[in-house]
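Consider the two complexes below, in which chain A is the common component and chain B and chain C are the respective partners.
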Partner chain A sequence: MITSKLKEAILSLRPGRVTLKYPFAPHDPEGDFRGYPELDTDKCIGCGACAAVCPARLIMIQDIDQNTRRMVRLLERCIFCGRCADVCPEDAITMTKHFELSTDSGREDMVAECEVFMATCQRCTRCYEPANPLDKIMEPGFRDDEIKRGGQDSPYEPIQSD
Partner chain B sequence: MNAQQLGENIKQRFAAKVIDFETLGSDQLYVTITPDSLVEVAEHLYQDQGCRYVINGGTDRRQQRDAFLITHFFAQDEEKIYIAVHTEVGADDPQVDSITPVIPAANWSERETRDMVGVVPVGHPDPRRLVLSDDWPEDLYPLRYDVAHDVHPPPAEGVAPERLEPPEGASVVPIGPFFPVLEEPAYFRVFVEGEQVVGADYRGFYSHRGIEKLGCSVLTYNQVPFIAERICGICGYVHSCSYCQAAERAAGIEVPDRAEYIRTIMLELERLESHTLWLGIAGHIIGFDTVLMQTWRMREPLMWLCEQITGNRKTYGMNLVGGVRRDIKPEIYGDLRGVIDKIGDEWAELAEAIPGDSTLMARLQGTGILTPEVARARGAAGPTARGSGLAIDVRVDHPYAAYDRVEVNKCVYDSCDNRARARVRLGGTIDSINIIHQALDDMPDGPIMAEIDEELPAGRQAMSAVEAPRGEVFHWVLTGAENRPERWRVRAPTYANLQCVPPMLVGNALADVPISIGSYDPCFSCTERMEVVDVNSGQVRVYTEEQFRAEYDQPGAK
Partner chain C sequence: MFKKLCEKSFPKSLWVYHCNVGACNGCDIEVIDVLTPYYDAERFGIKLVASPRHADVLLVCGPVTRQVVPALKRLYEAVPDPKLVIAIGSCAVGGGIWFDSYNIVGGADTILPVDYYIPGCPPRPEAILHGVAVALGLAEKEIESVHLKQLLDRPESVPVEVESLYS
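Moving on, here comes the complex of A and B:
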């Protein structure tokens, strides 16, 4: 009994102090950490590949008219898997190391939107050549968003751009 | 005996009642039988063939066959075979004979099938609602294909669960609905006479999220692994692995060797994370927080290592159908070995100190007895089963990934108490470290993802199981059109283990209840039900609200 307690005490004392100074000092994540997926809107061609593979189904595609495709990302649902970055043919998405994402200014902070000028695009999906047929675009052509169409009970209000 | 021979045996014995059987490799058998022979065939497998019951699932096939497909899954661990017993019931009369009277472990899943698909198990001793909440409409079956994945029926009033009156003279100690030590939703009401537990009721299924429905309606093959990984927050990798293996097997995709080794290593790293977490929690439950602090300190470098390898501390996001997304780079082998060896050394010291600690042992020894008979009848899995002397471990019995190329010990103890379950995990941790070393030694070079040139063919099926830290995780995939499974059935180990809890609590002192529940390392999923054990008869009853009212709501009995 006593020896057991002694062994336990030694085990506890040996490592010394192990707590980190975080959050008072920065703590950088390791290696290829997958944090906030950042979109370079200048590069995005609106192909929709990211929306097709996103497991959280958070990338809504709204074809406002023939010329304009609006992509809305409800990133509060993001699970940081990085699949969107993997498949993007234009390398428009980067998984950053940014992980401190809580916000006091409402969900708008986690909603990212971009509008892409599509001109004469027929939405044929040929601009995205999936490396793996399982990652194909499921729904070519014009469309409204999948999450919203799912039912009137979708927790998400349609997002108005200003 | 292989699957083909077992199939022939069954065919010979039941003749025309066996409509057809097919095999997948030598280790998977799919038997289709007539509905009227279900009970005999199930009993034959369970009693004569020594099979273990896994789970039941229902599939709405009215589009293809105008029928519902009811499937009971079994495992023959000695012969290394998984068996699916299919039977079709007509869409106009969705009923099937219940096998619960002969195999108690089918209790929950038959009721789940009724809740979700609407096929009634006739003769079920306890045929009431299990998974759906009390205010869910009677005839809305969420897993039917004509029900949308996101229906939200309006909430109903006045369906709050009724409480059960304790037996005469006993008092009630509520634990939950937010289970305080495991921080998960589960509600135990423990009936005590003095210190002694004389009964318990359990409510669960508070966090049912409809993940199987998503997999068969809106997700695609390669989206499912990430959602599957979120079935559990602590050991999610087992689910994505098991799902991917089932899909790969069904489609005949050969996973590259290196990917299989990487899966093996990640599975064992996850087991280390889970067992160290569990030991800490177990210490915390019995008021020995030093153990919590020290095991979690030991665990932290492992979390950083996983972040380095996969990009995340937990929910690694590594699996896709066909292989893994990231390699374990040779530069990191050294660090990896260093981290796990450090854990191993300290773990060994801890494992040596703990058995000599008589206060600690007094809390574990002889408490929470689960007999091997109850464990088998209720389908216990993993450390819960191995602590009751049942030598089952999927890694050895049904090797997957690279487990056929490494040496795994089955860690079995037969004292059937909390101590036995703790020792299984203490030993299993050291074993995990050895497995990781072996895998690193032998890991071949090569690709980590299979070349997939075509979409997966529809109408194929495969089963796959993985030994999770808590026991056997089981997935069945029936491939479909539209780039997604037609049906994906999941069984988490706690589903089976939790069914063993109420009989185990009776006879304990109240102070031992939390550690007894904790010794299962439960990962609560879901029930909107109460299960009641009568200490005098040992009988288990489950009440609906109406029955509670009828039986207990007499004037003055409030």
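Moving on, here comes the complex of A and C:
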């Protein structure tokens, strides 16, 4: 019995140290890991394709005036799927490998807002004309999405911290 | 403030109680992953306990369904003071892709006072370890809200007041 225990001990010593040193030493994700989606404001043309495909509907577009578009991204509910980076015609969104997103001050740390300048059409003097007539009826004038965060219409009383 | 509270009240180890309030199980699997010898959260004194009455920390995974709200409130009351709540996963942080579903409340902090947020869907085990390190004061948070502008000198542009969205 003792020999079997000894054997077990020797066997379990063989692999050596397997534990990752992670919080004390950096450990970069390998492969095609997708982390924080970063937006390059200089490349973005404000087309809104990313807002249309985002499954979490976290990209909200508001037009401040004729040619300035504000994009508010509530990345707190981002699922890092990469669809926004996929559809972006200008490759303005890159999925970085940044995963250390934990915070102690609240979800507003994940909000990313940007303002982009949109070139005006020489013919219609508007920025983007909807592709088909139906969309034109549905979306007259400028786009002004409501910023909707998870739980804002919650009917429940939250427990207050003491 | 929570950091100080944390350092004062938990000098030795954090015992965690893990609850699933509507998660798809992705986050739960990652939490279990963090406790394996490879990631080994137990070296920080973290231990999974079976009863909320033994716990210091509540790990919340999932967007909080309406069904589970009373149970979650009772669970929170059952944890002895001082207690911390850690929201794991995009669901618990902000409601995830279900933030406005009919059966979802949308985020753990609509019900509980959440102290630490770990976004990701699911967060990779290293991300959870980073959250633990932030909670224990071993690491600094690395994320901040971003406000970018293409045109710097536009007079009429007023940034969205992020704080007002969350009050």
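Keep in mind that, in the parts below, the second predicted complex is superposed on the first by the 102 of 162 C-alpha atoms of A that agree within 3 Å, B and C clash if a C-alpha of one lies under 4 Å from a C-alpha of the other, contacts with A are read in each partner's own complex, and residues count from 1 in each chain.
To be clear about the criterion, contacts are C-beta pairs under 8 Å (C-beta built on N, C-alpha and C of every residue); 3 or more make two chains touch, one makes a residue touch a chain.
Every value quoted in this text rests on a predicted model; they were computed, and no experiment measured them.
Engineer: I'd like to know which partner A:E8 touches here: chain B for first, chain C for second, both or neither.
Structural biologist: The first partner, chain B, only.
Engineer: Report for A:D65: first if it touches chain B alone, second if chain C alone, otherwise both or neither.
Structural biologist: A:D65 sits against chain C, while chain B stays out of touch.
Engineer: Compare chain B and chain C by how many residues of chain A each one touches, and report the one with more.
Structural biologist: The partner with more contacted residues on chain A is C.
Engineer: In the superposed arrangement, does A:E30 touch chain B (first), chain C (second), both or neither?
Structural biologist: The answer is first: A:E30 touches chain B but not chain C.
Engineer: Based on the superposed arrangement, let me know which partner A:V18 touches: chain B (first), chain C (second), both, or neither?
Structural biologist: Once the two structures are laid over each other on A, A:V18 reaches both partners.
Engineer: Using the superposition on A, tell me which residues of chain A are in contact with chain B and, in the other complex, with chain C.
Structural biologist: 18, 29, 33, 55-57, 79-81, 150-151, 153-154
Engineer: Given the complex with chain B, which residues does chain A contribute to the contact?
Structural biologist: The touching residues are 1, 3-5, 7-8, 11-12, 15, 18, 29-34, 52-57, 79-83, 86, 95, 132-136, 138, 146, 150-151, 153-154.
Engineer: Touching chain C in the complex: which residues of chain A?
Structural biologist: Those residues of chain A that touch chain C are 18-20, 22-24, 27, 29, 33, 36, 39, 41-42, 44, 55-57, 64-65, 68, 70, 72, 74-81, 98-117, 147-154, 156, 158-162.
Engineer: Using the touch definition from the top, list the residues of chain C that touch chain A in their complex.
Structural biologist: Residue positions touching the partner: 2-3, 37-40, 43, 63, 69, 73, 76, 81, 90-91, 93-97, 99-100, 104-107, 109-113, 115-121, 123-124, 126-135, 138-139, 141-151, 154, 156-157, 159-160, 162-163, 165-166.
Engineer: Okay, in this complex, where on chain B does chain A touch?
Structural biologist: 148-152, 218-227, 230, 290, 293-294, 297, 300, 304, 307-309, 311-312, 315, 317, 320-322, 325-326, 346, 349-350, 352-359, 452-456, 482-483
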